[in-house]
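Here chain A shows up in two complexes: once beside chain B, once beside chain C.
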Partner chain A sequence: MHQLYTAVFEPGFFASAQVHVAAAIGGIVAVVSAVVGVFTVMRGQSFAGHALGDVSAAGGSGALLIGLTPLAGFVGAGIAGAGMMDMIGVQRLRGRDLATGIVLGAAIGGSALFLYLGTTTGTATGATQQILFGSIFTTTPGTVTAVAALGALALASIATIARPLLLATLSTDIAAARGAPVRLVGLGFMLALAVSVALSSLAIGALLSTALLIGPAAAALRLTKTLPGALATACLTGVAATWLGILLAYDSYYWGPGHHSLPVSFFIVAIIFATYLASGLRAARRQAAVPVAAAADRDRIAA
Partner chain B sequence: MFTGFMINAWATATIVAIVAGVVGYFVVLRGAAFPAHAIPKGAFAGAAGAALLGINTLIGLAVFSLLGALAIGTLGRRGRQDVVTALALVLMLALGAAFLSLTTQYEPEIYSLLFGQILGVSTTQILPIAALGAVCIAAIAILYRPLMLSSIVPEIAETNGIRSYRIQIAFLIVVALATTMTVPVTGALLIFSLMIGPPAAARSFTSRPLLAMALSVAIALVTVWAAIAASYLVNWPIGFFVGTLAALSYGTGRGWATWRRTHTGPRPATALPRQPATDHA
Partner chain C sequence: MTDHTRAAATPEILHVDQVGVTLAGRQVLDEVSFTVHAGEFTGLIGPNGAGKTTLLRVILGLQRPASGRVEILGRPRSPRHQPIGYVPQKVLLDPDMPMRARDLVALGLDGNRYGLRLPSKDRGEAVRAMLHAVDADRFADARVGNLSGGEQQRVLIAHALISRPRLLLLDEPLANLDLRSGQEVIALLARIACEQQIALLLSAHEMNPLLPVMDRVVYLAGGRAASGPTEQVVTGEVLSRLYGHHVDVLHVHGRILVVAGADAADEAAAAAGPVTGVG
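Presenting the complex of A and B:
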């Protein structure tokens, strides 16, 4: 029994302060991302959700250059980017796609400059890699507070606009006919998305930020039929994948003879991707059993 | 500015701009900006994998960009296109992170794979780039009619026996090829700017497809040429100029479209109907 226990949890896992911080930050970010992600996937804004990570990372590297805190850069650039996407993009899916692309392209150009200037002045060692992938094991305990506060802010905004947002998501026309401020709700959602993505890409990196935003939510929406069900499933999936990923990354140090641990992002993403594929199998089987009802259902959720 | 290694930079940039202008026209038309971003960025992981195995970077890039295109195409049949693209991208990046953790990759190399090193193109690199570029243009020329039809009016294309799924896969493969050839020189992130900004700007000026495509190539050419010149003079990364100029060209196009609408009244009916305003792409 003890052997099995030490095989699953390698020595020192529960005593490691690094693991505590990573588990706390990962858990908070997973929950916030899952909730925001359910709306993001339903609204078909995955691209914006991913792009805002890159946009806020550009702000982060810019902030370093002029001596601001990375947090200000991440959140500031994320909000500015979201506002610009909303301003350029019309409400259609294709216009939105293009608006996201234009803002993302400009932000990437900015990143190239900031990183170049940062590297030539010799302050940003490992910055490119940090921005590409990020690392959950390098976050400091101090970030936990900021992440928790901003996460709560994003969740509170979503909760405030939840009803008109859901209506506008399911049918823009019906929402507009009922007098819901569709445009304003859309902007409000983009801002909440920006804050959530900015904090997650600061805390755990742009790569995991996208993975935790889209993966658990997309899987949950294929598994459950109600909004509360989807929210709960997405949160559980996200937190489970994050903690399991941290455990596996910690253990991976003891696997090979070389004592070389694999990145935590690799494990979390692998778990999330497998979950998404599995949810597809279940959804397909259900669809085969009741094709008409399931199709109608899918259209209702995915509209 | 026009001597020695700079000649290679001008030649390469010209090829890249032509391909990006043509392929990008369909990227914008099909609303495929996310796959056009995800395939080059994910393919970067292939370069890391190639470094780990000690094989040619181009092979790694080709394998990963093709796998990415196929994953987005096939999984996109069942799930939502944007969700599948995001997940394929993070999976490829996660593999890249794992590869990098196993090698001792040199930081500047990662930077150049992401942001490009067009000023360091060698003469032997130009020929394969030109060849792959020609393949991309030829593929677009062959696919032109069904691709155009399925991009603009998918329903009519289906009734004419054009399988939009097959067209989608074929188109993503073209994007993957364009990616493979351009990532080593322009970087994984910049080819995306070139594929979005100039074509979107061109579509604001004209709705005639061939004219828009030609204009898109012209804007892309001006963008990269100006970017090289500016980068040479100021010594800032070329990526900054490409990204900014591409966004600027789009802004100009939008401004022009707005100005024309307010000054000449409603636009005349165009030869090709625009995509109906639904969210079911």
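Presenting the complex of A and C:
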């Protein structure tokens, strides 16, 4: 038994301050990403979520260059990017891809410049790795407070606008006819999305933030019938994947003879991907069982 | 079928007065006027592109008219929430949407409000009763995205009705339904309009399925409208005036066919040049 325990948890896992910070930030970020992600997938704004990750990368690398913390850059650029996408026309279905693509292109250009300057001037070694692939193990304990505050802000925003947001997702005309401020609600959601993506950029990197945003949400939407069920499933999946990823990355130090830790982001994303594939198998099996009755009903009506 | 005395006796819910709309420099609606009363089934009939959806959007306050006004319950419509239920033509009901039929109906109660709400017994009961009223109990717990077109239509009607509107607007509800489901939906709507004394305005490009239940018709063509009892409006004389060319109205086995008259066909043929073997 003890042998199994030490095989799963390599020495010092629970005592490590780095692990504590990583688990706290990872947990918060996973919950925020899962909740925001469910709405993102329902609204078909996954591309916008991905683009905001690239915008965050530009902000994070720019912030490092001028001596700010990456988190400040992630959040600042994300919010500016979300505002710009809204202005260009993200709220119209056909304008969405266009607005997102334009902002995304500009952001990647910015990242290219900032990361180049950052690495050539040598003030911030490893900046590229840190911004694009995350820094959950090197984050300072002080950052946890900021992450918790921003996470609470994003969740509170979503809770406030949840119902009109859902209504507008179904039909902007129904929502507008009922007097809901569709445009404002859409902008509010984009800002919450920007904050969520900024937080996951800090945890698993700007490039991979989409995985944590979309993966658990998409798996949950395949498995549950109700919104509360989908939110709970996405949160559990996201937190489990993140914590398991942290454990595996910690353990990986002891795996090979070279004593190199493998990147935590890789493990988290791999687990999420596997979960999504597994959810597809389960949903497919359930679909094969259910619609027989539904189809029979339909035939009866048509007959 | 058509009862003139009742129309005069029941309260006036909607009054559209001389409404004109110009979109991108084109006059879409021109001095459109009509009235809808409580408990009445009014068909908004016209060919594709006649401005039916635009007119519904004006009534809902989603489109500002260039001229004229819309009164609801005797008062000019305000930007605030109106006692109007609305079933648009297209609603995105993805199979992935984590929403059961009963959730979508519950959203009709207070979907425009902020903050979270806890489930309550009263709400659950109201939703259950509404689902029963539209004969949707059977699939109350199914995902809306997995329902058939006719089933989705029922759920959307329940969603629109649960906030107890005085006026229900439906944009081409029959467009994507097979004949049988369409008839079921129409019968359901006629029953609800009568039972709950709701004024019902339903747009359609094909009027025949509505003939058994329609109390009044608003016929839209060429941006202009004529309204009244079906047999007074759907005549060759009135429709020719709307279309701006000669139109014949034929009654065949209880169905009404509106066909371009001989003059119009001749004019079209003349404009197109000599054609043989047409018609």
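Just so it is clear, the second predicted complex is superposed on the first by the 272 of 303 C-alpha atoms of A that agree within 3 Å, B and C clash if a C-alpha of one lies under 4 Å from a C-alpha of the other, contacts with A are read in each partner's own complex, and residues count from 1 in each chain.
Just so we're on the same page, contacts are C-beta pairs under 8 Å (C-beta built on N, C-alpha and C of every residue); 3 or more make two chains touch, one makes a residue touch a chain.
Not measured: the values here are computed from a predicted model.
Q: Once chain A from each complex is brought into register, does chain C clash with chain B or fit beside it?
A: The answer is fit.
Q: Taking the superposition on A as described, I'd like to know which of chain B and chain C A:V41 touches: first, second, both or neither.
A: Touch status of A:V41: both partners.
Q: Identify the partner contact of A:L155: answer first if only chain B is touched, second if only chain C is, both if each is, neither if none is.
A: neither
Q: One more residue to check, A:L227. First (chain B), second (chain C), both or neither?
A: second
Q: Is chain A touched at more residues by chain B or by chain C?
A: Of the two chains, more chain A residues are contacted by B.
Q: With the two complexes superposed on chain A, say which partner A:A175 touches: chain B (first), chain C (second), both, or neither.
A: A:A175 contacts chain C only, not chain B.
Q: What is the contact status of A:L167 with respect to chain B (first) and chain C (second): first, second, both, or neither?
A: Touch status of A:L167: second partner only.
Q: Hey, in the superposed model, what angle do you get at chain A between chain B and chain C, Cα centres, nearest 10 degrees?
A: With chain A as the vertex, chain B and chain C sit 80 degrees apart.
Q: Considering only touches as defined above, state whether A:L187 meets chain B (first), chain C (second), both or neither.
A: Touch status of A:L187: no partner.
Q: What does the superposition give for the shortest Cα distance from chain B to chain C, in Å?
A: Minimum C-alpha separation, chain B to chain C: 5 Å.
Q: Do any residues of chain A touch both chain B and chain C, and if so, which are they?
A: In chain A, positions 41, 222, 302 sit in both the chain B and chain C interfaces.
Q: What residues of chain C sit close enough to touch chain A in their complex?
A: 57, 60-62, 79-82, 84, 86, 88, 90-94, 96-100, 103-104, 107, 110-117, 138-139, 141-143, 146, 148, 150, 159, 178, 180-181, 184
Q: In the complex of these two chains, what residues of chain B are touching chain A?
A: It comes out as residues 28, 31-34, 36-37, 78-80, 82-83, 85-87, 89-91, 93-98, 100-102, 107, 110-111, 114-115, 187, 189-190, 192-193, 196-197, 200, 236-237, 239-244, 246-247, 250, 254, 275, 277-281.
Q: Using the touch definition up top, name the residues of chain A that touch chain C in the complex.
A: 38, 41-42, 159-164, 166-167, 169-171, 173-180, 220-222, 224-227, 229-230, 290-291, 294, 297-298, 301-302
Q: If you look only at chain A, which of its residues touch chain B in the complex?
A: Of all residues in chain A, those touching chain B are 41, 44-47, 49-51, 88, 92-94, 97-98, 100-113, 115-117, 119, 125-126, 128-129, 132-133, 172, 207-208, 210-211, 213-215, 218, 222, 260-263, 265-266, 268-270, 272-273, 276, 280, 284, 302-303.
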